[in-house]
Amino acid sequence: MSSLPETREPVGEPLAWTPDEMMAVAAARALEDGKICFVGIGVPSTAANLARRLHAPGLVLVYESGTLGTRPDFLPLSIGDGILADTATAVVGVVETFNYWLQPGRIDIGCLAGAHLDRYANINTTVIGNSYDAPRVRLPGAGGAPEIAASCREVLIVMRQSPRAFVERVDFVTSLGYGEGGDDRARHGLTGAGPKAVITDLGILEPEPGTRELVLTHLHPGVTLEEARAATGWELRTAPEVETTAPPSAEEIRILRELEQTRAGAA
Amino acid sequence: MTDAATATATVVPLAEAISELVQDGDSVALEGFTHLIPFAAAHELIRQGRRELTLIRMTPDLIYDQMIGMGCARKLVFSWGGNPGVGSLHRFRDAVEHGWPAPLELEEHSHAGMANRYAAGASGLPFAVLRGYAGSDLLARTETIRTIECPFTGEQLAAVSAINPDVTVIHAQQADREGNVQLWGIPGVQKEALLAARRSLVTVEELVDTLEPRPGAVVLPAWAIDYVSVAPGGSHPSYTHGYSERDNDFYVAWDAISRDRDTFARWMETHVLAA
Amino acid sequence: MTDAATATATVVPLAEAISELVQDGDSVALEGFTHLIPFAAAHELIRQGRRELTLIRMTPDLIYDQMIGMGCARKLVFSWGGNPGVGSLHRFRDAVEHGWPAPLELEEHSHAGMANRYAAGASGLPFAVLRGYAGSDLLARTETIRTIECPFTGEQLAAVSAINPDVTVIHAQQADREGNVQLWGIPGVQKEALLAARRSLVTVEELVDTLEPRPGAVVLPAWAIDYVSVAPGGSHPSYTHGYSERDNDFYVAWDAISRDRDTFARWMETHVLAA
Amino acid sequence: MSSLPETREPVGEPLAWTPDEMMAVAAARALEDGKICFVGIGVPSTAANLARRLHAPGLVLVYESGTLGTRPDFLPLSIGDGILADTATAVVGVVETFNYWLQPGRIDIGCLAGAHLDRYANINTTVIGNSYDAPRVRLPGAGGAPEIAASCREVLIVMRQSPRAFVERVDFVTSLGYGEGGDDRARHGLTGAGPKAVITDLGILEPEPGTRELVLTHLHPGVTLEEARAATGWELRTAPEVETTAPPSAEEIRILRELEQTRAGAA
């Protein structure tokens, strides 16, 4: 859905891998083999294709361009690159993709990027500022996200953590996470369970049982709780136990970098 | 939705088809989902100086960024307005954020909503039903999204009004002499957008004597199409499966070209107006 | 609508698939629009003595004439119950007109209505909207047809409830080892009927190592299918495009075979039960 | 929609052609070149394919099996014979056929057969008798007819004329003609104009302007007004001028018979 992150310098002491690489690896790990995954463009697409090359060769990738079960041998720049059609089990129209494949709940997990996110995992990709008609920043818009967030059995959100992007309350709810928290999703009659995790360049946030507020459950190696809090626009709470994400293995990094190099015409 | 069915489409030069079909103030859909985006037709519309258009597309992409920047548009009906894999559409943002070169009215949907609106239009129905926009602020923002109750279960669902563009333009690989069209690769919403339109144009890479049946091909009968024009490479910088590759470098380069108003204007002058 | 998606379908013998999938009292759709009618699966259902089934099909055809005559059905959901190009379905008529071998409850629609009911079922929607049944007495007869008002125009349209069969069975040309299925020729409503079902079975002419892409082919991913069974000639007396011709002589001969209860019973004994 | 008529013996003095042949020829003549025709099975299919071989090579045939622009080189027995797919411009699914092609009014003329017909051209293909639940005769049902009759720009009905089939009022309205007559169609919000003619083995009936009651406008050669009246279950009225249908030409009969011989496995 969103633009590619520009590569950011390693934070803290020099590491063998960048925070963006850690984010992609952590997201890939969250995608189980044999599941059906609706893939947004950007980091989600990187993570899903990385997962297929690591622990999840049977991960089924579905892109909103109607390419079902596609197996691209390089990273597509857009959700509609030809390689996605050439390597798909089936290619269908956009109407069918959303009506027959996404809407009925056939998709196990939707993998999304967001522009702005709030403490209840609601996503804003529409406007920044308090006026829709005169926005401070006009974002691209919804794309497939509202229905991906609503209809997939569960959702994985992958995006960089910063106080600008992780806000107390989004200016515009484009795609519903947990709404006002608690059972608010049910009120909207949603079939899907909602975001199971938000994977960032600093750690992993997960909805707290009951309140559904996003709380910190993992910190990536070399990242401190203070850094994570400083990068969050709300009073970030932590799970009873905050674990440290396993660092990327040499293989994860090697395959990720090979993959990144294959992205045609990447900026 | 074409008023009188005739068994063949008329093959004419692009400039003639555009001037025949599109008037100032029309609603036009130039569709193509990443693949087969009809840039040649858009450039012809820009050269002919069309104004006050309602531009309809799921993904405005560079094609509408150019038309908006050149002042062709009064309104945009869309669902995702970014430069795929690159970032912002700067001319679109400039119009929305600063009203340059003119204010741009927005009618904003999700992909699922837009796809179903085209499907309703193609089906001769006034609306479509979907599980959509749940909890999204779009529901309150967009007049063409409402709720509807299932007459059997009482369940509340989203309803979106049909889209029936005055004119739909799509690009395809081939047409035969009668004007039957064949496209393949990612099919997008082109069939629905074409069938929903009052008038239609298909630009093609080439005319062929017979359409060779192909895996994954969508064939559109000539009697559902008004005009066919030959426009080789007419989808660049997007692509035509089997004829060209997506020019990803250009999509990346567009970010710098379109960021600045003057750079944009010069580029359009050189590559579109003078072309 | 399958509850848990798994990336592959299970390839099992037909008898096993049928006994796994279908219980007495289930609603089952054995689809195929003239082409690819899954007769082998129906004959297995008859041999396994399934009872009280709700049979769903646009065109009951000989396949349901046989199941109705053999007493498998409690109810029929359909839109055209004739012997195509020949005349009546005598077992269907005998059940409706004389309650033999058992009374048959009818839920009757038009083709457009049935097709849209499957599409709604495949889309996870509780109903579909169409311009249908205008002035037809079916509107008053059939509980699953109602009217709905367009929330934008106020226009009255027909609404039909979704069909979500307990089990859908279709026949196709090929499946690969993972259970991905490819069918070609007249596609009918099989994709919708399959995707609308809670459980599904596809019988195929043959298993192949890879599905060769073909013009006009519909590919159904393995993760949308529960079981695949190999049943060569499983569509006879209908046909499998590229594998067999429609046995029009048999459709004509069925008129005499099915007209008389005993003749019918003997034929079924010899050609189905004893087979 | 309906079953094939068994061939009937020539009526009146021996003719070079049968009434059924005259009916098929008259129906074929009513199909203009270059029009899009939605074809029902039976006599309509015979007539449409005959027209293509005579004056209307550009007649576009659409069958409800989703075969658009099909050009079968022999008569199909069913609407789903393989020959229809092999020779079509495009083959689509049944949902698309009805929703995208028939429903919006893209079809110029729908050609239907009926079982029972009343004076306002309403068609009954459902039940005979006054109880739906205990019918005297159970007919096949609606098929595509209700929407063909509703959505095509105009409709042509082809069926044998008899007092049993041409009734004052049908027991069950399966497909709407002119309802109660007059502007009744409009009351149902129908886009199509309705039946423009009913072509039988005896002559041609057309809706009278205003009342829309079917009146006799043509008698086929050798058929008397009395025979036509005797074969009609209501008080058949005639147009101000009743014309005599031009007899089948030698070419029309030759091509029709060639065509009939090609019907695979016909009874």
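A, B, C and D label the chains in the order they appear, each numbered from 1.
Quick note on the criterion: contacts are C-beta pairs under 8 Å (C-beta built on N, C-alpha and C of every residue); 3 or more make two chains touch, one makes a residue touch a chain.
Everything quoted here is computed from the prediction, not taken from an experiment.
Visitor: So if I look at the partners of chain B and the partners of chain D, which chains show up in both lists?
Guide: Common neighbours, chain B/chain D: C.
Visitor: Considering A-C alongside C-D, which chain pair is linked by more C-beta pairs in contact?
Guide: C-D
Visitor: Quick one: chain A and chain D, Cα centre-to-centre, how many Å?
Guide: 58
Visitor: What whole-number Å value describes the gap between the mean CA coordinates of chain A and chain C?
Guide: Whole-Å distance between the two chain centres: 41.
Visitor: Using CA atom averages as chain centres, what separation in Å is found between chain C and chain D?
Guide: 28
Visitor: Multi-chain contacts only, two chains or more: what residues does chain A have there?
Guide: If we look for residues of chain A contacting two or more partner chains, we find 99, 103, 151, 191.
Visitor: Going through chain B residue by residue, note those that touch at least 2 other chains and give them in order.
Guide: In chain B, 119, 124-125, 130-131, 155, 191-192, 216 touch at least two other chains.
Visitor: In graph terms, nodes being chains and edges touches, is this line, ring, star, complete or other?
Guide: other
Visitor: What chain pairs are in touch here?
Guide: Here the touching chain pairs work out to A-B, A-C, B-C, B-D, C-D.
Visitor: Under the definition above, what is the set of chain C residues touching chain B in their complex?
Guide: Going through chain C, the ones touching chain B are 123-131, 144, 146-148, 150-153, 155, 157, 159, 161, 213-217.
Visitor: Within the complex, which stretch of chain C touches chain A?
Guide: 1-2, 5-7, 119, 122-125, 180, 191-192, 195, 219-224
Visitor: Using the touch definition from the top, list the residues of chain D that touch chain C in their complex.
Guide: Residues of chain D touching chain C: 1-4, 41-42, 64-67, 76-82, 84-85, 91-95, 97-99, 102-103, 122, 126, 132, 134-138, 140-147, 150-151, 172-176, 179, 184-185, 188-191, 264-267.
Visitor: Quick one: in the complex, what on chain C touches chain D?
Guide: Contact set of chain C toward chain D: 33-35, 58-59, 78-89, 92-93, 96-97, 108-112, 115-116, 118-119, 130-138, 141, 155-156, 185-189, 191-192, 216, 218, 239, 241, 245-249, 251-252, 255.
Visitor: Of all residues in chain A, which touch chain C in the complex?
Guide: Chain A reaches chain C through residues 34-36, 58, 60, 68-69, 89-90, 99-100, 103-108, 151, 191.
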